[in-house]
Structures are given as C-alpha cells and as structure tokens.
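Chain lettering (A, B, C and D) follows the sequence in which the chains are written, and residue indices restart at 1 in each chain.
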Amino acid sequence: MAGDTKILELAKVDLHDPVLIQGLPGLGYVGKVAVDYFIEKLHPKKYAELYSGYLLFPDGNLGINIFEDGTYSLPRYEFYAFSEKSPNLVFLTGDAQPSVTGQYEVATTVLDYVLKQNCKTVFTMGGYGTRSQGDVGSVYCVDGSGFLGDQLTKHGAKLAKGGAVTGAAGVILGIGRQRGLDCAGLLGATTGVYPDLEAARAVIHLLADLLHMPLDLKDLDREVEDMRKKVEKIKRAEVEELKEELGAEGEGKDRYIT
Amino acid sequence: MAGDTKILELAKVDLHDPVLIQGLPGLGYVGKVAVDYFIEKLHPKKYAELYSGYLLFPDGNLGINIFEDGTYSLPRYEFYAFSEKSPNLVFLTGDAQPSVTGQYEVATTVLDYVLKQNCKTVFTMGGYGTRSQGDVGSVYCVDGSGFLGDQLTKHGAKLAKGGAVTGAAGVILGIGRQRGLDCAGLLGATTGVYPDLEAARAVIHLLADLLHMPLDLKDLDREVEDMRKKVEKIKRAEVEELKEELGAEGEGKDRYIT
Amino acid sequence: MAGDTKILELAKVDLHDPVLIQGLPGLGYVGKVAVDYFIEKLHPKKYAELYSGYLLFPDGNLGINIFEDGTYSLPRYEFYAFSEKSPNLVFLTGDAQPSVTGQYEVATTVLDYVLKQNCKTVFTMGGYGTRSQGDVGSVYCVDGSGFLGDQLTKHGAKLAKGGAVTGAAGVILGIGRQRGLDCAGLLGATTGVYPDLEAARAVIHLLADLLHMPLDLKDLDREVEDMRKKVEKIKRAEVEELKEELGAEGEGKDRYIT
Amino acid sequence: MAGDTKILELAKVDLHDPVLIQGLPGLGYVGKVAVDYFIEKLHPKKYAELYSGYLLFPDGNLGINIFEDGTYSLPRYEFYAFSEKSPNLVFLTGDAQPSVTGQYEVATTVLDYVLKQNCKTVFTMGGYGTRSQGDVGSVYCVDGSGFLGDQLTKHGAKLAKGGAVTGAAGVILGIGRQRGLDCAGLLGATTGVYPDLEAARAVIHLLADLLHMPLDLKDLDREVEDMRKKVEKIKRAEVEELKEELGAEGEGKDRYIT
C-alpha cells in the first residue's frame, strides 16, 4: 500500500466475536487515557502492532521514539486481546494518529485485521469539545448501528445531534459502518485540558458498565486522583527543568534529537 | 486506488442516456443550492454514494459528520436518478470537494460510473466571480462539446471568454471532454456572498428550461425568498449563540468534535 | 500511475531520431518564450498532449483554463513535430509545471514517449538567475552527455559550474541522463523580469544555430522588439483594468472563476 | 513504487556479511561529516546509487545539482563497499534526506538492497541536540539489537533514555529492527553549529574503534583542525561574495537556478 501500512503479529490469540475498543491520542487525551486504564486493569495480552509511514510525530516529522532502556520504536498502534470474559475485547491504542492522507489506509488495515478475528462491534472513545465546565462528565454518543445508541443512552450517554468527529476516531466509525460492523462512538465532554481525567473517567464508567468488564470501579475515583497528582508532578518537573536549563548539564533523557 | 475512492451502490436504476448534472460546494454555493433545489422538487431516487479518502472537511481534516438523529457519515457524493421524463437525469451532489491531490481520481471514478449507465452529456453548475453586483443574475457558460454552447447562449447564457474554472466543477468538464462526453459548465455570476441565491436562481432557470424539467418555476421566486429568510434566520441564530456562549450549557448539537 | 498522467495522441508522425526541445513556464519565462518562438516560426505539427493530475495552476489549484472561444482545457503539455529538416525536432511546451510530487512521474512519461520515437538527445531551455544586468544575454549550459557541453561552449555558451536547475527543466535532464540520452540544458541569464525577452533571444540564437534550424534570425531583433511592445501593451491594459475595476461591468473575459 | 525510488547498480562487489554505516545531512551535519571522513580515508569502492522522487532539495523543490565540471545529478544516495578487512563495510551517504512522505519507501529500498548482500548490522550516525557546550564530545546511543548498546557503552557511549531520532537516521533503525537486523544509532551531542566537527570527531573515534577500521586516528585531531580551517575559509569567502555582489559580474559558479 502507498503508506507501507502493515500489521506485525506477535502472538496467536483465540478470540470469540470480540468487540474492538479504540482509544488514540486526541482532544483532551480522553480516548487514550481511557484505553490505557482498561489495559492497566484488565491485563489483556498484547498480540499485534501496526506500523505505517502515515503514523507521524505530532510535529509532522517521522522517526523513532527512544524508551528509558535505550531501545526505540517507530510510532505504532498496539492490539491487546482480553478473552477471559464475554464479550471478548480487543483494545487498540497507539502513540500517534495517522496523517490526513493515511486515515483511510490505516483504518482499513485495522478493520481488515479485526474482521479476520470475527469482530462485529466497534467502539471508539474520544473527546467532545464543550465550552462549559459544567458539561464535563457528560458522555455524548454517535451511533452507526441502529441499536447501540439506545443502549448507550440507557446507560447515561447523550445522543450527539450535530458537529463532527475528526481524526482516527471518526474515520474508523465511518468505514466500519460501510463494512457492516455495529459501530458507536463515546465522546467525553471536555474543555480540552490535557489530559482531561474527568472526561476519561465518565467514558470509562459507561463502557465498563455496558460491556460488563470485570473492573472494581469503586477504586476509579481514587485512581483518577492519583493520575491527577502524577500529571501535576510531571508539570512541576517540567517547570523545574526549564529553570535549570541554562548552565546545567543534561543526562541523555527526554531531549529531542534530529 | 491511492485514495480508496469507491462507489457504494444502493439501488438498481433503469436510466436511458441520462444527462449528468453536478452541483458541489464552491464559490457562492451556487452549484450546491441549484442541485439541491432540483432534488427537492423532482424527488429523484438516491441510488449510489461515493466515498473517498480525498473528500475532506473544509478545514482539511477528515472525519465523520453527525446528523440530527445521532447517526453519521464520512464526507460523500450522492447520486440521484430521475427517469420519469426524457432526458433522464442523474443529479450528483455532496458535502465536500476532493483535495487537489484527489480531483482526478474522484472525477474519473464518477465518469467511469455514469458511462456504464450510458451517460453522454455532463453539465456542471458553479459560480463565476464578478465584482459587479449588476452582473449577478447572468449565467456564463463554457463549452466542450461544440454545440452545447450555442444552445446555452440561445437560452440566455453568455459565453465565457477567459479565466478558469477551479475545483471539481472544472476537472469533471476537462476529463469528461477527453472521454468523448458532451460537456458544458453553467456558471452563475456571483460576488461570492454565501449562499448566493440570486446566482443559483439564474442557473436553475436556465438549466430547467434547457432540459425541459417538469418544474413550475413560477414558484421559484417565492421559494428563493423563503430560502433567503431561512438563511437569515440561521445567521441570526448564530449571532444569538455567540452571545449565549459564556455561561450557557450546550445541548450536544452543532459543536465541533475532535 | 498515482497522478493519472497520460499521453493523448492526436496524430501519427514520422520522425527520424528527433531531438527533444523542452520549454516550460519558469524563471523569467525564458524557456517558454523560446519554445513558443520556434513553434511560431517553424510551424511544426502538434501531434500529442499530456495530461496529469500533477499539472496544477500557479496558485496550486486544479481546474480548466477557458479559451477565447468559450472552450477549455485542463493544464497540459503539448508535443509538436518538425520533420522537414535534419535533425528532426520535437518541441515540448505547456501551460503548467508539475507539482513537486509529480515531477518524476511526468518527466518519466515524457521520456518513455519520445524514446518510442527513437529520440536520443534532449535539450531543455530555462533561466539562470543572475543579479547583474550586464550578464543578461549570456547562456549557461549544463552537460549530461560528455560532448554537448563542448559543442555549446563553441557556440558561445558558458559552462555552469555550480548551483542547481530546479523544476521540470532540471528533472528531465536528470532522468534523461539515467536513461542513456544525451542531455544538455541551455540557461539564459536573467534578473527574473517577466518575461525576459533578452534572455530568451540569446537562447533562441544559440540553439537555432547549433541545430541548423531554417530560421531567418535577422528578423529576431525586430521580433523581440515587437514582443516587448506587446508585453508593455498588456501591462498597460492590466493597469487600466485595475483603474476601471470599481463600478465597471465585466464582460466574461479573463476573470478567475472558482 | 509511488516515489519512483530505484537503485542504479554501478559495479558488482563481493561483500561478506557487511555492516551498513549510514551518514546523511542532518542536525550539525554530524553523520554526513563522519561518513565522508571514512570514505576519504578508507577509499571504499562506490558501487551503487539510489534515486527517488522523494529526495528533495533543502528548500523542498526538486531538480539537479550542477557540479564543477558542468555535469549534474538529481539528489541521490551513494553506496560504497569496503571489503579489505573484516567486518566488511557498506558506507551510505547522500546529498539529501527523503521528504516525510518518502521516508518509509526510501529506507525500505535501502534495506531490501543491503539484505541481498547479506547485511546483518546497521549503524546510523547523527546529531543529538544538547544545550550545553560541555556535553559536546559525548556520543549517545540507541540500541535495537539487545547487545550493541552494551558494546557501545563499553567504548564510551552513553545510553539515550528518551527523546526521539527524527528523519532518515531514525526511520532506517526502526524498519531495520523489524526486519531482524541488529541496529544501533550513534548520536554525537551537538549544539547545532554547522557543521559540528567536534561532534563528528567523537562519533568517528567511537565507531572506528568498535569496528577495527584500519585508520590512523592520531591524525584525526589535525584533520579536524584542517576541516575547521576550510569551513572558516568558505564562510569568509561567502562574506566576501556578499560584499562584491553589487556591481560585480558573476562567473557561472554556485548560483541558484530556477
């Protein structure tokens, strides 16, 4: 394909009619935070990676991210399988969105792959721009299936009635529907703070509930509080780093190489 | 193809040497308003959709548009068939123009498709930039057929003698001519107001007349007046919305999600 | 091919080892003015057109140019054959350059086509940026053949010793050389005035001389003078048009339609 | 392929499990200076060139570079073989980086080619951005092999623990690792001066040492000093040229043609 998009299979998994749940970097980081939470708590098995010349750094360049142990990777999607309970789940996350040119190719590659695993349902999680702080905690939904919208609104979601879902979250819903998959989007209202943990919490609650995930959500409030503290700590550290910048000698960490 | 452009056929239609009439978003929205008018009045049957990774939102992003009922779609072209009178007509409209990169691929896909339905004639409708308000109401034409220009000028059009037709309206005329189709463009003079209902009315009159469409154009003046009122109402509503913006809580409608 | 580049053959021509001479819009319009002069004087036969989704308007858009008679065309290259004298000549001109993305595809398509006509030699004509008015009238050359440079310097050209030839003029020399063709570029020194008739005259003289074209160059000085007057007339007309702009009613000529 | 990327083989070479060493223009010109040094000192045999529509000039245009003898070339990569000692080495350099769109295609073409020569190991050399002048002389490394990092740190490199390697240096490491090659990057800390000879010297020392290159590095200090003088001379000459610019007549050297 034009963008050299390909799947690298790491392990064979035995999935029964799995539900695909996608969360990628985007508005308020809502989808990414939510999917990372599910992966941390449910310990699904990583079984595949997707690479593409269309998965770029946020600045539009291409290259490798360096990890703490000195290893590295090109930007990628990761597929995780959870088959301990019904419905089986496939979590899809990644560290980049495709460029506009590559959205169709990447979404098509993902759907071709999960269709081979007999996937029939797709949920994407993302943010829904609001200007009102009071609306944060609401989850809006869009429905390409004819019945998922009803289920979602019964679980507390509001039906979106206009606007658009841009980026990978929208494109996979659009192409998935054409392929005959039952598709729905869960969009946490966010003022765009980064990351918006309140918005992510609302999405997590709703989807965990709907799909009967074996999660103890009593702890979620405390965990969101922990996440918030970590984020604040990182932000403080960044300020300190800026202060130390002149005169201090670096240590080969977190600098940008070109 | 590079942009994953494909036609989704929704119904079989029986068309005899149909005339293709294209109206897409563009200068003054002239072509889009005109084709929407024909579709509303003639009740043609929607029989196909075209999807493409090159059909982008106006801001250059890709994603899905959300409808009032919470369903959604990727940007698309729509084909409507009118076979009750001769000549049979195919109306082609859409909610987006292809990106520059995709213009050839999308126009070629459209022409390949209508050629299979034995289409021999193509009209595109669009706007023609003028700086003079007094010129609004004029329709300029370009002619790739050798005889359609004569017919159009007999019906009151002026022959364009220079300049260019950019975008999908121009490209389909250019490629259509190479394919041996009789092609002409009808371009309503517009100062670029959005939407330019006067310009659209002039184009509607001329093409309905030329192709003997079973339309009662006596009502057109009143209808244009109605459209104008609707547009003004929407514009007023947008101003109100801007006023309410701070402090007011939204309702999941018409907001832009990313 | 990705950009839908294709040749439309209009007539069969009988050419013997023709020399390809390319002149396209570019710096100072040198190459385009020169090739148009040869076409006007030698009356070669137009036998093919090249169309491509990569041939864009100068503003980066795609569409059709409208001619004085109300007909139109997509941007294109044109091939003209001159077979009355030896060496036979193919003149290649056009109203656009390919976008950066399309340079390889378009140049490759041109070379594939003329190689089928047994072409063995390629000259491109273009401008060579200089800051010194005194250098205008010089022709610089680059040589990919091993011997054309010698011939050109014997006819008065200076060997270029650095810099670059950007755009279609350069790319066809680069790919032509890889294909085993004898290639050379003739670059008229220009301060970038548009169009630079002095620079074009120098290139015309040198190439007509080298290839023994049956042209009476005694008239060239007068003709350049005529061209200069035409250009000045057009420029004055443009100023007049600007003056008349407010209040005056247009006539469907030379306006830009979108 | 989409970008017409292809290898032009100039000579057959007999290589045994060669190590690929890539140095291209980039941050501080570190990789390019280092690979040019190896090529100058070891006299490897040039055996192949890579051409691609994605290898652009730094300004984003495409064309040909003119050499001192009036010949020219499209931007290209060059492959040099050194088979006199073990391990055999392939040096890869060039005068351009691929555009973002072409990074995957070009890196894949390079790896396909050297894999046919039984290459099992890839080193890329580049710059590592630091704000501290005191850090210049350090070499950071990233390791995709599981053991090259250890070897490099034993030879004095520091393990990079974050950040990114953008451009061709990063992409070939990313794709090389997926292909099962042992890959590592050597990144000389640089404040971005152009060219950063100190940073290049540190990388040269480390890699020559690691791979037992038959080089007398005692001379390297003097040679770096010589290079520095040459660079300063060129910079002074550029200043002089700027001074002479007005009124002086050029000589067809080093000017940019469009």
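Throughout what follows, contacts are C-beta pairs under 8 Å (C-beta built on N, C-alpha and C of every residue); 3 or more make two chains touch, one makes a residue touch a chain.
Just so you know, these numbers come straight off a predicted model, no measurement behind them.
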| item | value |
| --- | --- |
| Chains contacting each of subunit C and subunit D, listed by label | none |
| Number of hops, subunit B to subunit D, where each hop joins two touching chains | 2 |
| Proportion of interface numbers common to subunit A and subunit B (over half same, under half different) | different |
| Intercentroid distance (Cα basis), subunit C paired with subunit A, Å | 52 |
| Rounded Å distance between subunit A and subunit D, as computed from the means of their C-alpha atoms | 37 |
| Subunit C: positions in contact with at least two other chains | 2, 101 |
| Topology of the chain contact graph, where touching chains are joined (line, ring, star, complete, other) | ring |
| All touching chain pairs, where touch follows the definition stated at the start | A-B, A-D, B-C, C-D |
| Subunit D-facing residues of subunit A, complex | 2-4, 8, 51-53, 56-57, 60-74, 101, 245-246, 248-258 |
| Partner subunit D, residues of subunit C touching it in the complex | 2, 26-27, 100-101, 103-105, 108, 126-132, 134-135, 140-144, 149, 158-167, 169-171, 173-175, 177-178, 185, 187 |
